[in-house]
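Shared between the two complexes below is chain A, which has chain B as its partner in the first and chain C in the second.
The block that comes next holds the complex of A and B.
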């Protein structure tokens, strides 16, 4: 095991493994019914992102990537759930999402197609960059980005939607850490703060929506006005 | 040559003898987790002994399928045992006959006859269980195919003896994501195929909720014993395929020596014991799924196996 080549290949394997699990959590975020479970999956995903950044840092001896890992460990698994808990009503957490836009097996198949699409999109990209930047991070990051976007399209609860948005950001980062190894820590910190502010604003919004309407089911927000049912019964029947 | 035949038969003997023990240990551990004492780990042997000494009742309305099925259910796992590495990491005498896909086909043949026999007697619960098993079966089929396909993709072979070596040389291959994801997908498949808890409850006695068990309700005496033993051997064989081929060849005999092969028996049983502990944790911490949620469970197994394949593409 002291052979540097072996160590490198083990590090690469571990990094790809983190990537594989990252992909699985992205699939999980698309389909898990409970808001709380979705949040847990997101935390796992962020920790895997941090692990990948740490392993890449170890692999290439880059201090910046350790910084990325540290920021990820602090901001996403700790601060974001904390903000959500402080601002969003507890009832939102325990909600189950009974109907998504598509049923779950269908949704999973589309998500799979997106993941495969991510691979075919990154093949030409991979060809364009230098050899040391190639690896599994870019296609997995793209897949994470697409799956996050797909989550935004297919889910109907406010908190999972927010998590879909954050998962997109995770995906972009996952691709980014393998491309920009000497990313200044300042940029990383700025992005992390940005993420926190997004969470804060959306959480306040969710709270307001919940107070006004009593639900956070975004899917039924088309009928935002409560009077619609009395004023136009034919609309309600439809 | 004669030694290879001998070891091959020894392999069959090990599966025959230890399959009920694995079932017994699994039951006992589950009871202990539920803070009960539970029956002795040797209870499955006593059950089989008792059933072999009982009279048998066969419905006059049933056809030859009903009478032949117990023998098929008993023989198919033995057949697969001849093909796969149970104790040795080198191919034995009969191993040339089929690869992993062939082994899967032979196991499926037993399931096919069991389903037919369940319909044969026109017992109201039999056809219900048979159709449910078929439902689980056809949902599990694509996962099986993708798992075999990915194994062939990664290891360039579907022959178990070549596949198992792939994960260990070099050692970094063990951590390869496609390998880890394949293992996860195959665990879910074992749960579905062997009728374990998130899919089916093996210790339930409520006929309307049964999936796997209701197919054997009509059998008595020796046939019931054969069906039961066959089911236990099927679980044992699936565990051997999983642990020896898909996880690692650790603990298997390397040389064509009797001593090493005998030493492999406790090592393999130890590996199985560790996996049984994992099974107990899964079974005790999950509830049985509603029938129409099984498609979601196997859907996630499918996703995991396809993710394994995609990861292989990504890493190329």
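The block that comes next holds the complex of A and C.
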């Protein structure tokens, strides 16, 4: 194992493994019914993101990436669930989503199609960057972003929607740790702090929705729109 | 020094707004926003006379383009603070909620002021996301079912866009690295652009256009905008519609000089298509709105489309036109929302169909609504007409006959839509023939704000002061690298 070439290839394989598992959690977030399980999946996903950053850091000897890994380990699995539990009522987590917009096998098929699309979209990108930036991170990151967006389209409960948002950001980062490796750590820290503020504000909003409307099924809120002009007022204007 | 003051004042005001004494929050907010306005006018003078001001190299600086946006934010920040004074107390909220309002208001102003002064693209992304979280609680301030729904849509869609834009900025960073590095700032990007791989640049641009375009309200990502911009309290609407959209659009515009250096990316086609589609959809939706605040919100979508289209035309006169349009839109749209707020106070409803003969019920609100409607729809002699005309001229000179023809058609439809509703509301008569009763008199500060804002809207149509013209020219050159 002391052969540097072997070490590198082992690190690459491990990183690919982390990527594969990352993609699996993204699929899980689309389909899991219970809010609490979605949160667990998100935590796992963030840990896999941190693992990938750490492995890439080892691979390229980059301190920046160790920093990214550390920020991810602290902010996402620890602070985000803590903030959520402090602000959103416990009852919201135990809720099961009975009906999603699409049924689950259909959803999985579309999600699969999105993941394949992400792979093909990133082929030209991979060709344009230097060899050391290539790898499984970019297509998996794009797929993570797409699947997060898809989660937002099919789910109706507030907490899984928030998790979908955070999963999109995880996807962006998963591609980012390979593409933008030397981004200043200060920026990474600021982005992580920003993420915490987002979670806090969204959680406050979820609580307000729960208090004033009595449901957290925000996907079914649809009061505001341009009504069809069936009873459009046709008053004579002088 | 001025720049640091600009950022520190709203933050300090936000903290002071939480103090539990009566009227402290509104006084502090008023004082700080006036000081910010004075400081930004001074800064604009400095930039026009001596060139860009650098505060922290690579991170915080102000140049010709950004000082224009800064000025717009400061102006509407000040007028909206004045309007809030009367508007919020007329809507009797308990003192604790008022303090919350002002604290959030100042944080929102801070986050918006931070957009033009940040020079590092990822830092800009962070502050754009901050504007969303700082304004979310302002949008749902009324805590009604509709307001909460609007705030939820606003937050989810904006943050969804932000995640896409984040990936865009990271790809942009990768493009920079592929071009051999350099400092990751707006200027550094322009310098590195010719050697960047076109495919990375194009991917980054499309991701950022779609991501931030969500927050600007470009069609088809606009669905949240009319909800949020109609449910928030009127002074907040003036900020959201008047400057927040413009400030985020400014970030997209910042990429244009980078893209003209790399013509293979075809950015102008994307910009023109998104722009025209936004104008078209907004114009036809304007015909069937039933809520006058939603009407002004759709008009924002229309104007953002016009600005993006003008920027996509690519000639220097079109760039000038785009910035001129942004300036006029901000001043006029904030005035429109003040007028809408005054109408709300006077008649207590948002429905177009329930407001008839406003000019007889409340002359001040009726006259402002009429002036605002005419001005934003683009009737001469108001400034929006002049800037739209300059864009047409630039487009025709550049040989874009089809785009200009379509733009002309859609602007005309939009004009008709707005004037139809405004005319009925101001002069129309209800079926029963009686005029609606006045719910409450307009507070003095609201009337004063309306007068000041109307003065700017009217004067700018007749005369563009030389320093402002210089500033627009300076911004136009910044758009061209």
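The definition used in the following text is that the second predicted complex is superposed on the first by the 222 of 238 C-alpha atoms of A that agree within 3 Å, B and C clash if a C-alpha of one lies under 4 Å from a C-alpha of the other, contacts with A are read in each partner's own complex, and residues count from 1 in each chain.
We take it that a residue touches a chain if its C-beta (ideal position, glycine included) is under 8 Å from a C-beta of that chain, and two chains touch if they have at least 3 such contacts.
Since this is a predicted model, take the numbers as computed values, not measurements.
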Ask   = Given the superposition on chain A, are chain B and chain C in a clash or a fit?
value = fit
Ask   = Looking at the overlay, what does A:198 touch: chain B (first), chain C (second), both, or neither?
value = second
Inquiry  = Contact-wise, after the overlay, does A:212 reach chain B, chain C, both or neither (first, second, both, neither)?
reply    = second
Task = Scan A:17 for contacts with chain B and chain C and give back first, second, both or neither.
result = first
Query = Regarding the shared-chain residue A:182, is it in contact with chain B (first), chain C (second), both, or neither?
reply = second
Request  = Using the superposition on chain A described above, determine whether A:91 touches chain B (first), chain C (second), both, or neither.
outcome  = neither
Request  = Report for A:136: first if it touches chain B alone, second if chain C alone, otherwise both or neither.
outcome  = first
Ask   = More residues of chain A are touched by which partner: chain B or chain C?
value = C
Request  = With both complexes overlaid on chain A, what's the closest CA-to-CA approach of chain B to chain C, in Å?
outcome  = 18
Task = Please identify the positions on chain A that touch both chain B and chain C, taking each partner from its own complex.
result = none
Residues of chain C that touch chain A when the two form their complex = 120, 122-123, 125-126, 129-130, 132-133, 136-137, 140, 143-146, 148-153, 155-156, 159-160, 163-164, 166-167, 170-171, 173-174, 177-178, 197, 199-200, 203, 226-227, 230-231, 285, 288-290, 294, 353, 356, 423-424, 427-431
Message = Using the touch definition from the top, list the residues of chain B that touch chain A in their complex.
response = 170-173, 175-178, 180-181, 295-296, 299-300, 302-304, 306-308, 310-311, 313-315
Ask   = Can you list the chain A residues touching chain C in their complex?
value = 124-125, 127-130, 133, 141-142, 145, 148-149, 152, 158, 161, 165, 168-169, 171-173, 175-176, 179-180, 182-183, 187, 190-191, 194, 197-198, 201-202, 204-205, 208-209, 212-213, 218, 221-224, 226-227, 229, 232-233, 235, 237-238
Ask   = In their shared complex, at which residues does chain A touch chain B?
value = 6, 9-10, 12-14, 16-17, 19-21, 23-24, 27, 31, 104-105, 108, 111-112, 115-116, 119, 136, 139-140, 143
